[in-house]
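Shared between the two complexes below is chain A, which pairs with chain B and chain C, respectively.
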Partner chain A sequence: MKTAQAGTLESMDCLVTASEAEKGKGIFITMEGSNIARFRDSILKTAKTTLQEMGIKDVILSIQYNGANDIVLKARVEAAAKALIGGDN
Partner chain B sequence: MALRRTMLYLPGNNPNMLIRGHLFKPDGVILDLEDSVALSEKDAARILVREVLKNIDFGGCEVTVRINGLDTPFWKKDLEEVIPCGIDGIRVPKVETPKDIELLDEAISEIESKNNIPEGKIQITCLLETALGIWNAYHIATASKRVTAICPGGEDLRADLKTSRSETSEELVGPRRMVVLAAHAAKVDPLDTVFSDITDDEGLRRETEWIKQIGFQGKSVIHPNQIPIIHDVFTPTEKEIAQAKKIVQAAKEAAEKGLGAVSVDGKMVDKPVVKRAEYTLQKAGLLEGGE
Partner chain C sequence: MAVNAVGRDIPSSIPGYKDDVVLFRGATKRLPKGNRYGKKNRTTFFTKTDKTLPNIKAAIRESGLQSGMTISFHHHLRNGDYVVNMVLDACAEMGIKDLVIFPTALFGIHKHLTKHIQKGVIRQIQGSVNGPIGQLVSEGGMELPVVLRSHGGRPRAVISGDVKIDVAFIAAPTADKYGNLTGACGQSACGSLGYTHTDADYAECVVAITDNLVEYPAPYIQIPQTQVDYVVQVDKIGDPAGIVSGTTRVTRDPMRLLIARYAAKLIESSPYFKEGISFQTGAGGISLATAAYVRDAMRKRGIKGSFGLGGITSFFVDMLEEGLFKQIMDVQSFDLAAVESISRNAAHVEISADWYANPWNAGCMVNMLDTVVLGATEVDRNFNVNVNTESDGALLHGIGGHQDTASGAKLTIITTPLLRGRLPSVVDSVYTVTTPGEVVDAVVTEFGVAINPKRQDLLDAIKPSKDLPLVTIDELAEKAKKIAGEMAPIEYTDRIIGVIEYRDGSVIDVVRQIKKK
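And now, the complex of A and B:
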């Protein structure tokens, strides 16, 4: 399975791993990290919105969260997804 | 004149520094896509820097982005992502000839035009990191109206000069003086390279005092702790402030009376001296920034 990563495990960051999903399977997101319960909904919303804006319908995302805000999370999801689909062309 | 006493480098793939760097109150921040970003992280850093630029208010800091070199496949993508985000300028590494700046100028103009940004808004700071770049400093500084500052390199320049770092940085004395001379001749700011030993406050103060004395207007910074030391050195003395106040006041009174000439303590002062006095007050935080 093809995968791509973006981000780090440093403070105020997150490590996002994007993996290919079969067509029609939709977006599947798993999360772990500090205070994850508190921010789960917000992280999910940002990640899904970012993928939808990119036109990505089927992907598996794993987010290792370490205090990233929405700006950073969005950037990391976009970078991982772009790397997965083959650069930013 | 924009205040450029301290320009703080923020690694482009480090959210913590990108988001918090300006809180240490440098005069400018440089979001770095070049040396501080690993080759495998270039795309991720570019996206992160773009999002930070779009969403973070950097207060009064001048915001520039150091792009990747013109000899890499990254620099055009860097420009396309960051110019539409409201930055003040681009810092470009390893400039060697005026042709480099013409190429960059053209690419910037195209992006400005596409994004309805007034032509010429994006400024350029040139890093001169080779002997050839230093030799061509004046011609580089005058190659485009966008160029507002030039800086000598540090480690890359030492390598190109086939020398190494000494305790007093003797090896960079000549290049630094050439950059100061070229910059002032071209009416752009000479800005110094970084002081890389972040634990040596005394050494930093000594070097900053020296570069100020030979004509530099500021210094690049790699750690927030260096900012107050450099600001302290570049902040004018009480005597300089008092003299500057006198000159600015005299110029104001002369203008109100419709007089062209300004006299202070029995001596005539001309326009550049008044401008310099205003800049002194600006550095002391007593006057708002001008052009």
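And now, the complex of A and C:
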């Protein structure tokens, strides 16, 4: 299975791992980390919107969250997804 | 239910705490009545010149400790303390249960107590619960609520008779056979024994536990033989690595340094920055950096201070030795330099928690403070501060001297980054009120300094500048909200697991059980 990562485990950042999913399986997101309980809905929304804007329909995303704000989260999701589609790793 | 002066709904009766709960009505509203509590008289004649007993169990037997009683501890050995765990292990083995423990604070090392809580050896904790025990309590792991008091509120409770200590166990880094105690020397030296004094004075029985029994009389006596009933020698009372830190470092994080610069500039621009200024800071990164900037300003403008107060670090010791303070008043010594200084320098004075912060005596030290720099988990639009609960609603920190110094100091400054990770530190309303906004004068963040509108005199005295950007607390709250985005509320149940007392013994807030995820 192809995977790609973006981000770090530093405070105020997140580590996003994108993995290939079979066509038609849709977007599947898991997350863990600090203060997830307070931000779960917001993180899900940002991640999904970012992927949709990129035209990605099928992907598995794992987010290790450590306090990233929306702008950072969006950038990490985008970088991981781009690396998955176009990258060699 | 009734609403107290900071807008919190407080039940009139809280099972396991009080049937007639006193509501917080304002920082200076509750006054003492009646006389002080007193323990039984006792006598020791010349025929008894040795108070040592062979082990902790013997001391527990002699002390008369029984199930259901209250035992106290102090936290000068911090995360290196072995004594609390040893005593509770002994109680458990002797079949004693339902104890109320009354520590000045608990640390991570005391997660060992979990099994004693689960097996009913410990029925209640009256004292701060840090780390794993806090998590256990927050999730409903104890029948009776934890009661939190400040460093001044605790001796107030003892002296007024709110809490009667049956047996006080004192971790003594050095002791002699007749019960003279000191923290200044020994393999487990911790410096000041400040929090212990009131317990030694008021507990029905006082047991000292030491790993350094010396020839009579012990040097640099802090707790005298007149207060100590029994002395027990053990191999080790603690782990020196957890007792004192080697050095205390100032932060290098540019954002925290900026906050410290603003805070220092605020102090420098205030009417209190003059000859004889008195000062307290915590040992946290921003606090210490603020102290460093204030020290530089004192040097530059040739100002000498009167005293430094509170938990003492090498930083204050250096300032004392440089002549920037006349004295330091030490209730807890944080690092090696402070431990070494306390017995060497007569101007480095050990003070009790009563002397430090008790609102119900003839005058505590915090009343003489010009300025204090404190931290916060959250602060709200009314300047109320929370230092007790975390972002998930768990009770994880004690009050420390927060309420006391904020209430006493002429200029109380809260320093905090506007957000920690993604969590706003300036909010609409704090989850738990520890310190009421009426005693908080300024909130300093990297986005600017908000002065409490109640302090018009300060607002008049201070000229905003590039180094001291003034904002309103509402602007800070809005900014934080915008950066953080939407947040789900904390999920909790109705059950009360913690009571937050104000320093005068009234209830300023309660903490409820969180829903397990």
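One rule holds for everything that comes next: the second predicted complex is superposed on the first by the 86 of 89 C-alpha atoms of A that agree within 3 Å, B and C clash if a C-alpha of one lies under 4 Å from a C-alpha of the other, contacts with A are read in each partner's own complex, and residues count from 1 in each chain.
Quick note on the criterion: a residue touches a chain if its C-beta (ideal position, glycine included) is under 8 Å from a C-beta of that chain, and two chains touch if they have at least 3 such contacts.
Remember, predicted model here, so these are calculated numbers, not experimental data.
J.: Following superposition onto chain A, is the placement of chain B relative to chain C best described as a clash or a fit?
T.: fit
J.: Between chain B (first) and chain C (second), which, if any, makes contact with A:F39: first, second, both or neither?
T.: second
J.: Go through the superposed model and pick first if A:M12 touches only chain B, second if only chain C, both, or neither.
T.: Both chain B and chain C are touched by A:M12.
J.: First (chain B), second (chain C), both or neither: which does A:N69 touch?
T.: both
J.: Just to be sure I read the superposition right, which of the two partners does A:E78 touch: chain B = first, chain C = second, or both, or neither?
T.: Touch status of A:E78: first partner only.
J.: Of the partners chain B and chain C, which touch A:G86 in the superposed model: first, second, both, neither?
T.: neither
J.: I want to verify the contact counts: of chain B and chain C, which reaches more residues of chain A?
T.: Counted on chain A, the partner with more touching residues turns out to be B.
J.: Pick out the closest CA atoms of chain B and chain C after fitting on chain A and give their distance in Å.
T.: 5
J.: Share the list of chain A residues that count as touching for chain B in one structure and for chain C in the other.
T.: Shared contact residues on chain A: 11-12, 68-69.
J.: Using the touch definition from the top, list the residues of chain A that touch chain C in their complex.
T.: 11-12, 34-35, 37-42, 66-70
J.: Could you pull out which chain B residues touch chain A in their complex?
T.: Checking each residue of chain B against chain A gives 13-16, 19, 43-44, 47-48, 50-52, 55-56, 77.
J.: Considering only the defined contacts, which chain C positions touch chain A in the complex?
T.: 391-392, 419-423, 483-488, 490-491, 517
J.: Provide the residue numbers of chain A that touch chain B in the complex, in ascending order.
T.: For this pair, the touching residues of chain A are 6-8, 10-13, 68-69, 71-72, 74-76, 78-80, 82-83, 87-88.
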